[in-house]
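The same chain A turns up in both complexes below, where it pairs with chain B and then with chain C.
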Partner chain A sequence: MINAPFLILYAGALAALLTPASLRRHVLLAVPVAGLVNLLSISPDAVWQIGLFGLDLVPFTMDRLSFIFGVLFHVAAIIGIIFSWHVTDRPQQVAALLYPGSALGVVYAGDLLTMFVFWECLALASVPFITARGTSRAVRAAIRYLVFQVLSGVLLLTGALVLFYETGGIDVGPMDLDHPGAVFILAAFGIKAAFPMLHNWLTDAYPEATPSGAVFLSAFTTKVAVYALARTFAGLDLLIYVGAIMACFPIFYAVIENDLRRVLGYSMINQIGFMVCGVGIGTELAINGAVAHAFNDVIFKGLLMMTMGAVLFRTGEIRGSELGGLFRTMPGTAGLCLVGAASISAFPLFSGFVSKSMVMSALLAEHHELVWLAMLFASAGVFHHAGIKIPYFAFFAHDSGKRPAEAPRHMLVAMSLAAGLCVFIGSYPWLLYGHLPFAVDYMPFDVPHVVEQVQLLFFSALAFVWLQLAGLYPPELKSTNLDAEWFYRKAWPAFYGLLYGTAVTLGSRVRSVVTGTVALMIPFLRRQSYDLLMPWHVRGMVLITMVFLAGLLAVLYLHRGF
Partner chain B sequence: MKRFDNLSPGLGKWLKVFFLLCGVLVLLDLVVNKHGEHWWNFFGFFAWYGFAACVILVLVATWMRKPLMRDEDHYD
Partner chain C sequence: MISSALKHLPVLQVVVPLLVAALCVLAGSRFLARTALILTALVMLSISLMLAGQVYPDGVISYALGGWPPPWGIEYRIDMLTVFVLITINLVNLAAAVFALGRNDDNLGRGAHAAFYAAWLLCMAGLNGMVVTNDAFNVFVFLEISSLATYVLIGCGRDPRALLASYRYLVMGAVGATFILLSIGLLYMHTGTLNLTDLAQRIDARGANRTVIMALAFLIIGLGIKCAMMPLHDWLPNAYSFAPNSVTVLLSGTATKVALYVLLRFVHDLFGVDHALSVPVDIVLVACAISGMLVAPLIALRESNLKRMFAWSSVAQISYIILAIGLGTGAGVAAALVHLFNHSIIKVAVFMAVGILIARTGTARIRHLGSVAHTHRFACYTLLFGGLGLIGLPGTPGFVSKWVLVSAVVERGWWWLAIPVLAGSLASAAYVWRIVEILWAKPADIPLQQTRSPLAFVEWFPLVVVMGLVLWFGLHASLVTGWAGLAAAALTGNGS
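Then we have the complex of A and B:
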C-alpha cells in the first residue's frame, strides 16, 4: 500500500474534526504540508491496486500529468488554509482538507469507479463553503450547486457502467465518443468544467460562498474537470470550439456584472476556455499549455478571489456599484490585486503569459486561425474585465467613502505567497515547465511575441480609457443579469405552475362530474342485487384505491421533486 | 472627462505618459521582425485588434443590458 495523497488529507480531516478549536487551524496547515512532502517522495511508477468483486480498482497511480496537478492542489490547499486562518467553524475547517483530499483522489484514480467515489466526495465536501455564509440566498444557491454536482456524478457513474458493459474495462484513459458510455462521461466532465449552458452553477454559487470559501471553490472543482478532460479526451476536436465559446461569451457578462466575485466567476469560465481548447487541440505543446494554464489560473485566480474576499471581509460589500477608493486604506490588498490582474491578463513576466501563449501558438501550429482570432479577442477581453475592471472598481474609481482597515495579516501572507508565485513562475518559468507532461522545446520570451502581447494589452487599456473619457463605459448598476439559470429558476417553475394549475382546475371539474354521476346512480344501484355487486365492489375498491395512491405518489413526487 | 473626474489631479499627466507608451509600442512594429508569413503581420495589427476588441466588447455588453438586466432581487 502507498501513502496515497488523499489518505493523508482525509486522515487530517478526521484529526481536525476531533481537535479542539484552539489547535484545529494548526492541524489544518500541517496536513497539506506533510501531504506535499509525501507526494514528492512517492516513486513515479508506484501503483496501488485492489481487487473488489472481480474488478481491479486502482486508488493510486501517477504519471507526469497527475503529478503536476497533485503539487498544484497541495499548494492551493496551503494558501487557502492560511487565508482562512480566522475561520473557526468546524464544517468549513474540515472541508478545507476533505475537499482538496477528494480532488487528489480524483487525480490519482486509475479507474472510473474510484474516480466516481471521489467525484461525489468533491461535490459534498465543497458545500460547507457556501452554506457557512448563513444567508438563505446562500443555502438555496448551495442546493442548486449540489444538484448540478450530483447530476455530474450520476452521469459519470452511468458512463462508467455503460463503458464497462461495452468494453469490460473501467480504466481512466483516452476515450472515444463512439462509445455511448464516453458520451455520458464527457457530459459529466462538462458540467464540472462549466461548459456553455452547463456553466451557471459556478456563477450562481461561488459568489454566495464565504470570503475564504470562494478561494477554495475556485481552485479545485473546475481544475479537476480540466485534468479529467486532459486525461480522457485529449485531441477531441469538439473541445476546441467548446473552449473558444467558453473563452468568449462570459466576458460580455463580466463587463456588466456588478458582483465582483461573480465577475471573477465569469472570468474563470473564460480561463477554463483556454484550457479546454488546449486539451481539444491535443498536441504536446497544447496539452502542456492547458496544464500550465490550469496551474497558473489556480494561483492568480485564487489571488484575485482572495483580494475580493478580503474586501468583502472588511467591508461586508462586494458590489462594484457600492465600492471604490479602497486603495487609501487597503494599499497592500490593492497592490496584490494588481499583481493578480497582471498575471491573468498575461503580461510578460507574470504567470499567465507563457501558458496562454503556448495554447495560442498551438492553435496556429494546427491552423485554427479563426479560433485563434476568437481567443485573441478573449485575451483582450480578459484584460479588460479582470485586469482593469476588478482592481479599478474595488480600489480606485469613485470614492465610496468606505475606509476599511487593511486586510488581516494572515490574508496578506496568503495573498503575498500567491503573488510571489505569479511573479516567480512568470519570470522564471523553467521550474514549472520542466515538470509538464511532455518535454517540449518552447521559447517563451521571443521579442516579437512579447511586443505583440504588450501592444494587445496596452491598446485594450487605451480602449478602456477612451470609453471612460467618452462617457460610453457602462456604470456599475445594482442588478441581476439573466443567464442560463433563468430557465430553471424562472421558466420551468412558471411552466410547471401553469401545468399544475391547469391540472387542479381540470381535476375539480372531473370530480364534480364524477360525484354528480355517482349521486345520480346511487338510487339505481340500490335497486340492483347486492349479491351480484359485492365481490366486484371490494376488488374494484382496492384497485381504484391503488391506482389513486400511485397517481397521488407520482403527482407528489413530480411536484415536490422540483 | 466624465468618469475620471473623481481621481487625483495628477491623472492627466499619467494619461499622457500612457498615450506616449502606446505610440512607442506601435512604432516598435517597424523594427521588430515578425514570425512567419501571416496575413495579420501588418503594421500595428495587435494594437488595433486589442483596441477594437475592447470597444466592441463593451458596446455589445452595454447593449445586452437592455434584454438581460433585472432588479437585484429578481430571483428572491
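Then we have the complex of A and C:
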C-alpha cells in the first residue's frame, strides 16, 4: 500500500530535508499536489492491514467521512505552502509536509494504535511553527503547547489500552462512555478539539506562531480532533452542550482581546463549537453540517489567519491598539480579509452560511431549542468579533500612521485561492456537499434562512456601531488576558511554590525538633553542630528509615494480626 | 580446555574482575590499569553473552561452587532473568569504562588511578556476584563488596562535597546492608537453609510466621534503600551529582538496577506477591512507587543542578520499575525488566551527555547553562533525545516501557494506576522541557569559562554507541520485550 496519503507527504518531507534551500519550496508545493491527485485516484475500498504485536493494524482505510477530510487537508497544505513561499528555514519547511502528513495519517488510521502514533507525530511536527518565531515568549508557549499535546497523546494511548483489555478490539469506531477506556479517549480528543478548560494551548500558542505557521496550525490539529469525534462519538448528547459552551464563551474573551490573532484563536474555538455540537446531535444532517463546517472553517479561518499573517509580516505588529488604517496601502489584503470575514459570519452566498445553517436546522429538528438560542447568540458574536472587529481594527478604525507595502505576491495568491474557494463553495454548495458523508437533501437558500441570517447580521452590526459611537466598546488595551490558563500559569506555580516552601520549612522544623529532643536525651550529641550541615545530615534519612520500618511492620501486623 | 572453561563461566563472571582488581593495585600504573579495565569490561560482557548463549537453548545452569552440591554448598544459578540483567549491567559497565578514560571530573592525584580502577572492578565484581548467586548470604557478601567499592568511587568526585555525599550513602548503605543481613538471618532461623530455591520451597511448605514477616519487612527496607525506593531515596541525588561523571554513568545503569533485580528475585521467588503469605507486599510497593512517580519529578522541576535533576529523574524512573514489580504478575515482571533495561541505556546516555557538558562548561548549575546548545550541539541533542525517552514519546525506548507497563497495569485490573503513570510522564515532560528551554533559548546569565576542546574519542564513541542502542531499541522493541517475557516466565515458573 505504497500510495497511502501520509506516506507521500512523509516521503516529501524527507526529500525536502535533503534538497538544497533553493529547490526546497518547489518540492514542498509539488508534494501535496501529487498527494491530492493520488488521493482522488485511490479506490474507495482500499485497505492496508499489517500485523504487529499480535494486533491487526490498519494504517489505511477510507470511507466518505475520511475522504472529504483528506481532500481538505491536501488543499489546506497547498494553500499554506504557497502562503509561506518566503520561508526558508528548514524546520518549518519540513514541518509543512510532516504536519499535514500526520493529520492524514490520523484521518486514515483504522485502529487506535496507528491513530495514536500519528497523533503524537502531529503534536511534534507542529512545534517548529511556534518555536521558529525565535522569541523566548514563543518558545515558552511552545513548551506549554507541547505538554498539552503530549498529554492528549498519552490519554489516547491509555484509553486504547484499557479499551483493548476490556473489549479486545482497537478499531476506530463508535464508542460509548460505559467503558473507562472511552472516557480516556474522549479526554484525549477533547484536548485536541479545545474543549472548554482544555482549550488554553490554542489561544496561548497559536498567536505566538510565525505568520505562516499560524496558518498551518489553524488548519489541522483541531479539525483532526473534530474528525476523530465524528468518527467515534457521533450522537453523544454531552457534546451538544460542550459545543454550545465552546461556541459562546470565547466571544467575551474575543471582544476584550487585543492581539488580533488571539481573537482568531478564540473565534476558532467558537467555530469548533458548532462542529462539536453537530457531532453531538449525530443525525445525518448534523454530521453533514459539522463536516461541511469543518471544511469551510479551514478555508475561511485560514484566509483570516493569512491576512493577519500578512499584516504581521509587513508591520511586525498584530495588536489592535497599534494597528488601523492599513487599507490605504494594503487594499488587496483588506479586501480579501473582508471576504473571509463575510464567510465566517455566514453571509448568504459565502461559505459559512450553508454549513452553519445545517447545524442550526439539525438542532431545531431534534428539539434543542435552548441550545439553538445559544448558538444564535454565538452566530451574532462571531460576526461581531471576527466579521467586524478583525478587519475594522486592522485595516480601518483610527489611522495608526503605518504605511506598509501590500502583502507579497505569493501571499496574495494564497489568500485569493482561499477567498475564491469561500465564494465558490458559498455560491455552488452542492459541488462540495455531494461528497459529504451522507446524501444531502437540504435547501439552504430558502427565504426563512436567508432572512433570519441577514437580520441577525444586521442587528449584530448595529450593536457594534452603537457600542462604538456610544464609547461603550471595550477599549483595546495592551494587555495579556488569561482565562482558564490562569490555573496553570498563575495558580499552580504559586501553589507549587507554597507547597514546596512549606515542605522545606516543615521538614527542617521537624528535623530540628527531633534532633533537639534526641540531643536533650543524649548529651553527647549536644556538642555537635548539627545545624551546619542541615540539608546534608544523615540523621534525618535514618529517621525516615526507622519510621518507614515501623509503619511497614504496623501495616503487616494489622493486616495479618499475628 | 575450552569446554571446561565454558563450564566455569558463571564463576568467571565474578572471579575475573575480582582478580584483575587485585592485579591493578599491584601494577600501580595508570596505563596498565586502564587497559586492564577496558579489557576486563569486554571480557565480562562476552561472558554474559556466552552465558546467554548457553542458557537460551539449555534452560537453567546450576553451578556448584567448589564442587559442593546445593543446597549445602554455594550455588550460582543462571537463567534467562539472570543473563538479562547481566548483559544490561555489563553493557553499561563497558560504556562507562570507556567513558571513564575521558575527562572525568575526579580528584585523583598521581598514582591514585590504579586504585580507582581497582575499586571500579571490585564494584562490578560485587554487582555481578549479586546477580549470579543463588545463595542468600552470598548476596549479602557481594552487596557489601560492591557497596564499599561504590563509596570509594563516589568519594573521588572533584567537588569536596563528594566525600560528604559518599559518607551519607555509606551510612544509609550500611543500614540497608544490616537490614538485609538481619532478614537473611531470620530466614535462616526459620528454614535452616540459605539456598534461595531451597528457601522458597521450605517457606512454601511451612507457611509464614512472625519470623518470615519480619524478614520480609527488613528485606524490603534494606533493598529499598539500595534501589532508592521513594521514602528511602535521599542518599541518591547527592551521591549521583557529586560522583565523578563516569561513576554517575556506571551507578545509574548498574547499582540500583541490581538492587531492583534482587528485590524482584526475593519478593517473587521467596514470598510470592500474590498474597501467598497473605501479606500486602504489593500494596506497599505500589504505594511507594506512586509517591516516587509523583514527588520526584516535582522536585526535579525545582532542581538547580543539572546532574542532580537527572538523579531525581532516576528516582522517578525507578519508581516505575517498583510499580511493575509490585503488580506481581508475569506481565508486571516483564514490564519491570523492559524498563530496567531501557532506563539503563537512556540514563547512561543522558549522564554521559551531562558529563561532557559539565566538563566543557565547568558548571552544572542549570541557569548558568543558558544557550549552550549552540556551542555544544552534540551533547545537548543527545540530552534532548534522552529526555524524550524519559518522557516516553513514541520512537524511544521509554515509550516501549510505558506501553508494557500500562498494559500490565490494565491487565492486572488496576487501570486507575495508569493515571499516576501518566501524571508522572507529564511531570517529566515539564522538567525536560525546562532544560530544553534554558539550553536553547535562555541567554546565559554569566559568561562561562568554556573550553572548546574537541570531543575525545573516548567521550563521543561510547555515547554514540549507547545512543545507537537507544534509537535501535526505541524502534525495535521486540528483542527486549521478548527476552523480558522469557525472563519473567523463568522467574514466575521458579516461584510456584
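The rule we apply is simple: the second predicted complex is superposed on the first by the 508 of 562 C-alpha atoms of A that agree within 3 Å, B and C clash if a C-alpha of one lies under 4 Å from a C-alpha of the other, contacts with A are read in each partner's own complex, and residues count from 1 in each chain.
Here is the rule we use: a residue touches a chain if its C-beta (ideal position, glycine included) is under 8 Å from a C-beta of that chain, and two chains touch if they have at least 3 such contacts.
None of the values given here were measured: they were computed from a predicted structure.
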Touch check for A:H179: first (chain B), second (chain C), both, or neither? neither
Tell me the contact category for A:L552 with respect to chain B and chain C: first, second, both or neither. second
Decide which partner touches more residues of chain A, taking chain B and chain C as the two options. B
Report for A:H410: first if it touches chain B alone, second if chain C alone, otherwise both or neither. neither
Touching partner for A:D399 - first (chain B), second (chain C), both, neither: first
Once the structures are superposed on A, label A:F458 by its partner contacts, choosing first (chain B), second (chain C), both or neither. first
If we overlay the two complexes on their shared chain A, which of chain B and chain C does A:H384 touch? Say first, second, both or neither. first
Determine where on chain A the residues touched by chain B overlap those touched by chain C, and list them. none
Listed in rising order, the residues of chain A that touch chain B in the complex are 137, 251-253, 255-256, 258, 364, 376-377, 380-381, 384, 396-399, 446-449, 451-475, 477-483, 485, 489-490
Under the definition above, what is the set of chain A residues touching chain C in their complex? 116-117, 120-121, 124, 136, 139-140, 143, 146-147, 150-151, 153-155, 157-158, 161-162, 164-165, 180, 184, 496, 500, 533, 536, 538, 540-542, 544-545, 548-549, 552-553, 555-556, 559-560, 562
Residue ranges of chain C in contact with chain A within the complex: 161, 164, 167-168, 171-172, 175, 179, 209-210, 213-214, 216-218, 220-221, 224-225, 231-232, 234-235, 238, 278-280, 283-284, 298, 302, 391-394, 402-403, 406-407, 410-411, 415, 418, 422, 425-426, 429-430, 433-434, 436-437, 440-442
The answer for chain B against chain A in the complex is residues 1-4, 6-7, 15, 18-19, 21-22, 25-26, 28-29, 32-35, 38, 44, 46-55, 57-62, 64-65, 67-76
